Each structure stands twice: as structure tokens, then as C-alpha cells.
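After this come two complexes, each holding subunit A, first together with subunit B and then together with subunit C.
The block that comes next holds the complex of A and B.
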């Protein structure tokens, strides 16, 4: 039982962390984010399903096409719903991204259908049995890919020239702009990358969770909770919070009930913010006077 | 014009039951009414105070279930149940706000979302109280016709309450915190407390609507209270026009009727909502009501001028002003012997860079003390430390012998410290008069309930506040701007308004952060005369941070020079002018 809960918790938690990293990436470059990040996860799953099952493409081609489309969607979202309101104090970007999300959900409902469908995968055919516990190979693949990608994103930001430029924008947009960094392009890339990560999470989760037009909201909210708990400006905080949230959820569902899962999970968010208002590893934004 | 519109609306609502016996129309109309009640309350939080909530369905649910439980299991009457529903929702709202409003932006959005989801999940899980997924049935249900009047009355009352609130000291405090929480705190308002009150009021409105919703339907179940519901509330408010009293009505009518007309497009419901939201963000940033009233702005401007003329006449014979003058003078004499402000070896570093090191400064109870120094010398940091926005790492700040370092800005402001900012921080959505009225009232906002119902004594207090504000504006030569929004002021006058507002509280100490920056020479001369008059007529002590040396030398009694966070010279203008260290700091070494 414990092994099974651990595997499930780490698998889900790494996905929450990966999706939450998407919030972090756009937040630090633009102080905005896609509030419908969860719908990007849904889009990843639905588009992959359409290519793989609907059109019968080979898996690698379906995944590749999905990721290209997701990155394009992220860039399009930035253009339509974020850029017009960039750095405006009003929460217009928050509502416009929510609007795009609910439109996307409706479009998925019309094209994909209202029912959840299973995503066939070789890795979810037969459960692996360890002691009394059973889990799918996919659940082992998920955290491996997830942690690998989180590490990759960190390397990109710390080691590559372009990553460092994006980081400079995060620290001080004015100065970065003066140093010749094209800020609108940096924000565009951040949105593309953010949606890409969500799309990968969607593809990875599809075989475990089933694909549904309505799957986005709750994943997005939990990832958002993870980003907030970890601290929006702290990538390591988000990874730790992601795994922690996944484990808490999995154990609460295992030992108490699935209903208690949401209550305890989100109560924990409020509790963390009361104790540490800017997240576990996040830092308070400097007050401008 | 406005009254005609309200009259038509009331006539339409009043005559609907006469023309149709079709319960469907009545039901749709009651839905509009309920949504109006919720969004009127949400308007106080979002429109007035500038905070966001994506969890108001939670308060709606609390009101709904409180009413359901009280009328079924406890057998209470509908009226008593509604009253308790309001109180419970407001109480929970205050608690949630206490946790939520310590954070802002996305963090705040998260807390409200989390609250909404917790409530929704509890409704499903806590079966013994809420009846679980099935909800609560068999709630005593009045006839639709009778209840139609109750809900329409409730909506009208909600609008009236919010209109009263907007005109009260609380309403101004909400908009002040939205416009500039920093400036609001410098006038003695705790932004946290003001926001909590806005949140509590809005939760109470949602609770009332929830209670009515339950009694209207005769049953209640968890499906009505999802995140989608919270988003719908917000959408209705934004579409109608946030911050305007009529906005919720327009938004509620549009958002309720549109899906009813388009029932054949039920599958496209989310696309419809999403597109509506996008359109209103793009093309109606101030909502339907905002777009409709924008055209009439020039007219109302002229009308406003007439009003202010009348008010100026009546301002001449206000006796109450003189009373408070006396109070202040008595107060000041008590503190005669001790220095007003003492800064002792205050140090403050930002990430290893010393912005202030061991700054010592004494400000007497009267006169103008200038603080000068090259850019980056720590002048503004010093002002921020004096007014509580920064806390020194070491050293002490004492105001009339009371240690104040570490106290929040609004607490220091309440001890009689007022300030202006390097970039003038006026409350843009408020009129010029209202800006000053925020300063006059300071933290004395009275009871929020009295403000909501427009109690007679709050109206009398309002009239006094307004007279005093107009008198101050007249002194400063701003009368012709009195009814214009502060946003409309040119930069030079914004600075002047900021000083008038700061002085409105009759502070003991006024901190001015580069008041002459960006002013034309003629305006600087006016400022010079203004400061001299302030000093000579027994005004507050002034700490003046300024770059214009002519101004500093002309008005200052004492000058302190900072360089790299240290005091390098201190004395009368003549002494400082010839001090070699000062000349070196400004012009570089002479060798």
C-alpha cells in the first residue's frame, strides 16, 4: 500500500511541479501568467489523442506534433490575452487567460466530446506488482521525465546564454531591456515554454488519468497551488512543493478518502500562506515607495 | 438622465408581474435580482478596493446552506434565516480575508480559489450537515409571486446600500487603498484592515443572495457553487462596469438574459461566456455602464463646478473647523520642550549596500529642516524610515520620546506624521475634494453599517468633512479643480494636492520628498512662498528632501547633508553652504 501510494504521489507530484514551473517561468519574466495552464494540459492530452488514436499516427510523431502545437498555442495566447495588458496593474490578463481557457474547454467538448476516453499505452497494459502493491510502468516513467525536464529547465536558465538573458529579464526588466534584450520576445518564449511543459504533462498523464475536455481545471488549480506553496519566484521551491503536494494528496486519498483529498490539500495552501505569505522558498517582493 | 434610467428599471421590475403570469419570466427576473445582490457586494471588493476574489461562490453557498439548515431543521422563519445567513457569511468572510489579504495578486487569487474549493468539497463530504451531493430538500417555499417582490426589493436595497457606502468615508477609504495603498497608509489608514472590511461586506452580500436563492428554489445542492459560479459573478460585474453602482445591474441583466435567449446554443455556453469576457476586457474596460456614461462626462463636469461654487460659499461659515484648530494648538503646546523627532544612529542596508549608516538627526517642533545630498545619498530612504515604510536595522527613531521604529506606516501617521512622495501619489478615482477628505478623516471612518444605511449622523459628519476639505482647497487655490477626478490634474497640481491632503490631518510633522521636482520656475516660487507661509503661521515641522538649492537655502532653518548614507554636515544654510565636505560631495574633490 505504502509503495503504491508513494509511486502515485511522486508521479502526480512531479507533474504538478512541471505544470507549476510553467506558472513560474512566465511570472518571473512578465509578472503575468496563464491562469488556464490546466487547460493547456488538457489540450496536450486531447491533441495527442487526436493524432495518435484519431489519425493513427505513430506515437513519436503524434507527441512531436502535439508539442509543436502546444508551444504555438502558448505563443498565441501571449499575443492575444497577455501582451495587450502587459504590466498593466489591473488583473485583465488574469481574466483574459481564464476566458481563453474556458473557450478552449468548450472547443474540446465540441470536437473531442463530453466523455472521458482512455489513452492506449503499452505502459498501462499490465500493472507491475511489487509485494502487495500494483502500479503501471507509466507511473514510473512520469516522474523520471518530469524530474529530468525540471532539471533541464534549470540548466537552460543557468547555463545557456539565452536562459541567462531570460533570467536577467526576471531580475530587472528595465536593465535587461537597456542591455539589448528584446523583452517582448523573452515573454513570448516564456509563454511558449510554459505551454510546452503543460503539453508534456498532458501527454504523460493521458494514459493514467484518461482524456477528457474537463480535465484541465483541477490539474491547473493544483499546479497553481503548488506554485504558490513553493513560491512563485522559486523554481526549487516549486519542485519540492510539487512532490510534497502529490504525496500528501496520494496518502490522504489512500488513508482517508478522495473527498478529503481536496479539502486537506487546499487547506494546506491557505495554512502555508498564513505562515509564509510568499511561499516556502519564495521571497517577498520589495515594497516600492 | 440617470434618474430616468433608474425609474424605467424600477417600473419594468414593478410591472412585470402585472403583464405576465408566466412563472418562467418571473424566475428569470429573480435570477437577475439575485445576481445583482451578489455583484453589488463584489463591487465593493473588486470595483472599489481593487482586490480580486475567485471564491465568492463559497460565501453564496454558506448563505444558502445556513438558510436551508435553519428553516428546515431549526424551523426558523425565512427572515431570521436570511439575517443569520448574512452574518455567518460575513463572519467567515472576515476570517478568510484575514488570511487572504496578507498577500496580494496571484497569491490572493489562490487563497480565494482554495476557499471556494474547500467549501464546495465540504458540501459534498460533510453529509450529516449538508446532506451530501443530494443537498437539502423540502425547504418551506413561498409563492414565486410573493418572493419576486422580496428579491427585487433585496436587489434595490443592495444598490442603495452600496451607493451610500460609496459616498461615505469608508467608500473613499476603499478607493484610496485601490489608488495607492502606500499613500493611504501615510494618511493613517491600515490598508489591510480596510481591505478586510471590503471583503467582509462583499461576503455578507453574497450570503444574503445565497439565502434568498435557497428559499426561492426550495432546495439546495452543491452543483450551484463551483469555481465557474465565482467566475460568473466576476464576469457579470466586469461586464457591467466595476466601481460603478449601476454596473452590477447591467452585468446581471446581460449575463442572465443572454443564455436564456440563446438556449439553442447551450453547447456553446462556455465559448459565449469566454468571448463575452474577452470582448469586455478589450473593448469595455470600464464595462457597459462605464462606456455609456463616458460620453456624458463633460456635462457632469460643468454641473460639478456649479456645486463647488455653492459649497465654497457655505464653507466660509463653518465653525466646527475652528474648534479642531484649538484642539491642535493645545496639543502642540504640551509637547513644547522636547524635540519633535530624534533619529539616533539609524542604519539600514539593502543586501549589503548601506543606504543609511548611523544617521543622527533632531527635528525641533517648528521650522523647516532640509535633508540634501547627491543622488543615492539615502534621503528618500531616510524619509521612508521616518514614516515607517522601512524599518532601520539598528538605531532608534523617537517621535516626542516615543520609539516608533518598527511600527507600521499607518500607526506612525496616526501619531501625527504626514508625508508626500517622490512621484505624487493621488487617489486617481476620487475627486480632488475626496482626496483631501480622505486626509481629513484619516483613520476615523465610523461604523461600516452606519455608512451602508446612510445614517443621519454619518451624513452630518460628511457635510463637515466636505466643508473642511473645500476650505483647504480654497486656501491652496485648487477650488476650480475640486470636483474633477484627481487623475485629471496636471503634474504640478498633483503635488500641491498631495501636500494639501497631507496637511489636512493637521500633522505635527510633514515629510516632503522632492516637492519641487518637475515644477516650472514659477511653481517653485509659489511652493517657496507656500512653505514660508506654512512655517510662519504655526504649521507643522517640515523635513524637506529637495534638490533645488535655491529653494532649500531660502526656506530652511537647518540643513542636514547626507552622502553615501552618512551625515557629512549639519547646520544653518550659511554654515552648510561653505562646508568643504559638502562642496566636495557635490562637486568632487577640489585637487
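The block that comes next holds the complex of A and C.
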């Protein structure tokens, strides 16, 4: 039982972590985020389904097309729903990104349909059974890709010049602008990256969660909780928090009850907000005097 | 003289015209169902069943050549909207009988309206027990569909008597529907002095059900009774394979729709559930006719392509019963029609069964657990199971 709950928790948790990285990417650059990151994941899954199952493209081509489209969507989202408010330092991006998510969900309902559909994958045909516990190979792929992407994001922001420039934008937009960093382009780039990540998450999660127009809400919300717990400005923190959150969910459901799962999960968010508002591994913001 | 002839002629035409128009005036049948949103497929299925039956009835005409006409309103699964629509269908559209959709909540909210407006209602999907057992007398609500109370009885009977299992684990969706079935299942299990070893819930869109299944497994369950819709039931089946738990699974009819087979592949093999009718296997005369009509009219190639088949079958039989009642009553007046439905004299050979006085003052469900068909998923197909 413990082994199975562990496996289930890790599989779930890495999904949350993977999706939550999308919040991190734009937050680090612009102190804004796409509140509908979950819907972006849904869009990734739906678009990939359309190419792979609908049009019968080979998997690699479908994934490639999905990533291109998602990045474009991310850039479009920034242009429409974030930039007008970023410029005037208004928090209205919060509402406008939610609005975009609702629009996306309804567009998906109209075009893709209302039924949940299966995303065929060789990795979810038969579970792998090891010592009384089982998992689908796809569920193993998610944490692997998740950790890999986390490493990539981390390297990008800390080791590359462009990554550092993006971070500088959030730290002090004026100074960054004076140093010759094109701020709108930097924010746009972050949104493109974030949506690209959502696309990868969508393709990876689709075989496990099935593809549905309504799949984005819950996963987006839980990923957000994970991002808050881990610290919005720490990619490793988010992955760790994701895994932790998945494990808590799985063990609470296994040993207490399913009903207690959401209660305890979100109570943890509040606890973290009170005790460490900057998150488990997030850096404490410098106090301006 | 010529003028008088002309006058007479005009008078004669004037007398005959209203009669003729009355003979040809269509009889309106209403439908209040969700035809948009997540449950749109159910509304579409009901529409198809009604349309096929209507074409058949209209070929002969009713009450000396009058035709039926369908008026559809989308209640979106919203009870408040359902009440408004109920009034509109009767008061403005002058529909003489109304058909209902998937949502128990809507059907329950509409019950008082049918009684106030004295218009018969025919439920063809929503299975809530209190829809027909509503305590009204005379009762204007009829149903050709499942009734949760009979369903729970049916599922328990199969598990306890046929499978001879005595340690059920209940796995229910965390909604009012799950809750009402929890009560029903416990009632019938109690009659057999069986106590569930565990009761677990899941939410809509839950991705992984292995913790719930593990709890039931550790509690010693020897079979699982499942109440949920296709997407969640699919995750249940996938999680069951994951924890490697080979166990009989008996389910409410949620697994029949929503592409359950596509979502689960071979993993759904062996999940037993019930339907009011199955288009798979050998068909009676009506079955062949409906299959052909579905093909000609809607391009449905075979039984595996019928989405939400119970909606089609129930609506088809329901409308035929209403037509029989209209002929018997000789009128379209709501009270007379209701009385006729409750005392149908002619035997009606339907799709699901042959109806011999399907409704009585104490029984407003035409179908009971005796009529349900036990079926099982096998290789992506629904196959009937013999019930001893």
C-alpha cells in the first residue's frame, strides 16, 4: 500500500510541478502570470489531439506543431491580456488572463466537443507492476521530463545572459530598460516560453488524464497552489513542492479519506502563506527601506 | 338565383374549413432537455429517438390524420430554466405532452408545474427516484427509463445472488446522484444483511483513483459497486489495473456513454452494468427498424456508433406510448391524456418490451428492474450477460 501511494503521489506531484513551472517563468520576468496556465495545458492537449488523432500526423510532427502553436498563443496572450496592464502596473492581468482561459475552454467545447477523448500512447496500454505496486510508463516519463525542464529553466535564468536579462526586468524595469533591455520583448518571450511549457505538459498529461475541454481548471488551480508553496521565484522549490503536494494528496486519500484530500491540501497553502509567504525554497524579498 | 348558390357555397366552405384545419392541425409534443453543454449528447440521443418514432406515427397520423410536431427547448441542465421552459412549452406552444432529459434536478423542479398546468410529462432519462414517486395524486409524471431505486436493487441482486459475493466496496461520485445511490444500495444490501466493507467517493475530473481502490482492497472487498460517469469511471478502471486488483466490478449506467471504451481500451473488459436496452446482439423487429432509421436518417453505421443508446430507446418507446394514449383518449386534453396513460388498454409492442398496461395509479415507471438488461464491456463492445 505504501509503495503504491508513493508511486501515485510522485506521478501526480510531478504533473503539478511541471504545470507550475509555467507560473514561475513569467513571474520571474514580469511579476505577472497567466492565471489560466491550466487552460494552456488543456489547449496543448487538445491541439496535439487534433493533429495526432484528428489529422493522423506522426507523433513527432504533431508535438512540434503543438509547441509552435502554443508558443504563438502565449505570445498572443501577452499582447492582448498582459501588456496593456503591465505598462500601467495594474493587476488587471489577473482577470484578463482568467477571461482568456474561459474563452479557451469554451472554444475547445465548440470545436473539440464535450466528451473526454483518449490520447493513444504506447506508454499507457498496460501498467508495469513492480512489487505489488503499479504505474504506467507515461507516469514515469512525466517526472523525468519535469526534472529535466526544471534544470533547463534554472540554467537559463542563472547561467545565460538572456535569462539574466529577463530576470533583471522584474527586479527593476527602469534600470533594465536603461541598460538596453527591450522590456516588452522580454515579457513576450517569457510568455511564449511559459505557454511552450504548458504545451509540453499538455502532451505529456493527455494520455494519463485523457483530453477534455474541462481538464484545465483543477490542474491549473493545484499547480498554482504548488507554485505558491514552493516559491514563485524558485524552480527547484516548485518541483519539490509539487512532489510533496502529490504525496500529501495520495497519502491523505489513502489513509484518511478522499474528502479530506482537498481540505488538507489547500490548508497547507494557507499555512505556507502565513509562515513563509515567499515559499519553501523561494528567496525572501529584500525589504526596501 | 346564382347569387344564392354562391352564398351557399361560401357558407359551406366556411363551415368545412375550420373542421378541415382542426383535422390537420399538428399535435405538439415538447422536449425539455440539455442539448448544449457537457450533457448535450443525451439531449441529442433523445431527439433522435423521438424523431424516429414521430416519423413512424406521422406516416399514419393520429386522431384521423393529425400529425405530431416536436418543439425543443434547451434547459441546459438548469432547474430554474427548466421551470420557465415547462411553462412556455405548455402555455405558449400548447404542447400536449412534454418529454424530459438527463438531469434529475431539472425534472424534480418541474414536477409541480406539470401538476399545476395539468399536462402529462414523460421522463426518458433522469433516474431520480422521487421524480415519479412524487406524492402527487393524480400524478402527471410518467417515465420510460431507469429508476435509481430499482437500479440499486438490480445491482445488489446481481452481486449478491448471481456473483454470490458478500463484501461490497462502494465507489461513488461525490454528488447528489452518488449520495442517493449510496442510500439505495445500503437499503437493498441491508435487506440481504450485507454491510459494505467500505464506501469511497471521488470528484469530477479526479485523475487517479488508486488510493480509494486500495482502501477498499485493504478493507477486504470482494467486488466493487461503482456509481459514476464515463470519464471518472475510466480512471477507476485504469487505476484498478495499476494496483493489479482483479475484481468483479458492477456499475450504474454512467459507463455506457461518453466513449468509455475509447478511454479505457481493453481495461474496461469485464465491467458489468445495466441498460434499459442494448442495440448490440440480436434485435427484435422494432430494433431492426430503429437501427435502420438511425442509419438512413443520421448516418449511424452500427450499434457501436450510437452515442447514449438508452436515450434513443427510451424516447422512442415513450413517444409511442403517448401516441397510443392520444388515440385511446380521443383527445389531446391533458387530464384525459393522463387518465389514458394510466389505463392503457391496448398492448403495445415496443422496442424495449411489450407494454401491457405499463402505468397504474401506483406505478408510473414503465420499466422496472425486471426489464433492465445486464451487459458487460468486452473488447470495446457492450455484450449482453445472461442473468440467472
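Here is the rule we go by: the second predicted complex is superposed on the first by the 277 of 289 C-alpha atoms of A that agree within 3 Å, B and C clash if a C-alpha of one lies under 4 Å from a C-alpha of the other, contacts with A are read in each partner's own complex, and residues count from 1 in each chain.
Here is the rule we go by: a contact is a pair of C-beta atoms (placed from the backbone, for glycine too) under 8 Å apart; a residue touches a chain by one contact, two chains touch by 3 or more.
None of the values given here were measured: they were computed from a predicted structure.
Undergrad: Mind working out whether A:102 is in touch with subunit B, subunit C, both or neither, as first, second, both or neither?
TA: Only subunit B; A:102 stays clear of subunit C.
Undergrad: Looking at the overlay, does A:4 come into contact with subunit B only (first), subunit C only (second), both, or neither?
TA: In the superposition, A:4 contacts subunit C only.
Undergrad: Of the partners subunit B and subunit C, which touch A:127 in the superposed model: first, second, both, neither?
TA: It touches subunit C, and subunit B stays clear.
Undergrad: Does the superposition put A:274 against subunit B (first), subunit C (second), both, or neither?
TA: A:274 sits against subunit B, while subunit C stays out of touch.
Undergrad: What is the contact status of A:253 with respect to subunit B (first) and subunit C (second): first, second, both, or neither?
TA: In the superposed model, A:253 contacts subunit C only, not subunit B.
Undergrad: When the two structures are overlaid on chain A, which partner does A:209 contact: first (subunit B), second (subunit C), both, or neither?
TA: The second partner, subunit C, only.
Undergrad: Where does A:64 make contact in the superposed view: on subunit B (first), on subunit C (second), on both, or on neither?
TA: Once the two structures are laid over each other on A, A:64 reaches no partner at all.
Undergrad: After lining up the shared chain so the two structures overlap, which partner does A:135 touch, if you call subunit B first and subunit C second: first, second, both or neither?
TA: Once the two structures are laid over each other on A, A:135 reaches subunit C alone.
Undergrad: Please report the subunit A residues shared by its interface with subunit B and its interface with subunit C.
TA: Residues common to the subunit A contacts of subunit C and of subunit B are 109, 217, 257, 259, 262, listed in rising order.
Undergrad: Mind pulling up the subunit A residues that touch subunit C in the complex?
TA: 1, 4-5, 8, 11-12, 15, 109, 114-118, 124-127, 129, 132-136, 208-210, 212, 214-215, 217-219, 250-251, 253-254, 257-259, 262
Undergrad: Write out the stretch or stretches of subunit B touching subunit A in their complex.
TA: Of all residues in subunit B, those touching subunit A are 52, 99-100, 102-103, 106-107, 109-111, 113-115, 117-118, 121-122, 124-125, 182, 227, 231, 234-235, 238, 267-271, 273-275, 277-278, 281-282, 285, 380, 384, 389-390, 421.
Undergrad: Under the touch definition given earlier, write down the residues of subunit A that touch subunit B in their complex.
TA: So the residues of subunit A touching subunit B come out as 27, 33, 35, 81, 84-85, 90-92, 94-96, 98-103, 105-107, 109-110, 217, 221, 224-225, 228, 232, 257, 259-260, 262-263, 266-267, 269-270, 273-274, 277-279, 287-289.
Undergrad: Okay, in this complex, where on subunit C does subunit A touch?
TA: For subunit C paired with subunit A, touching residues are 37-41, 174, 200-203, 205, 207-208, 210-212, 214-215, 218, 230-231, 234-235, 238, 241-244, 258-259, 262-265.
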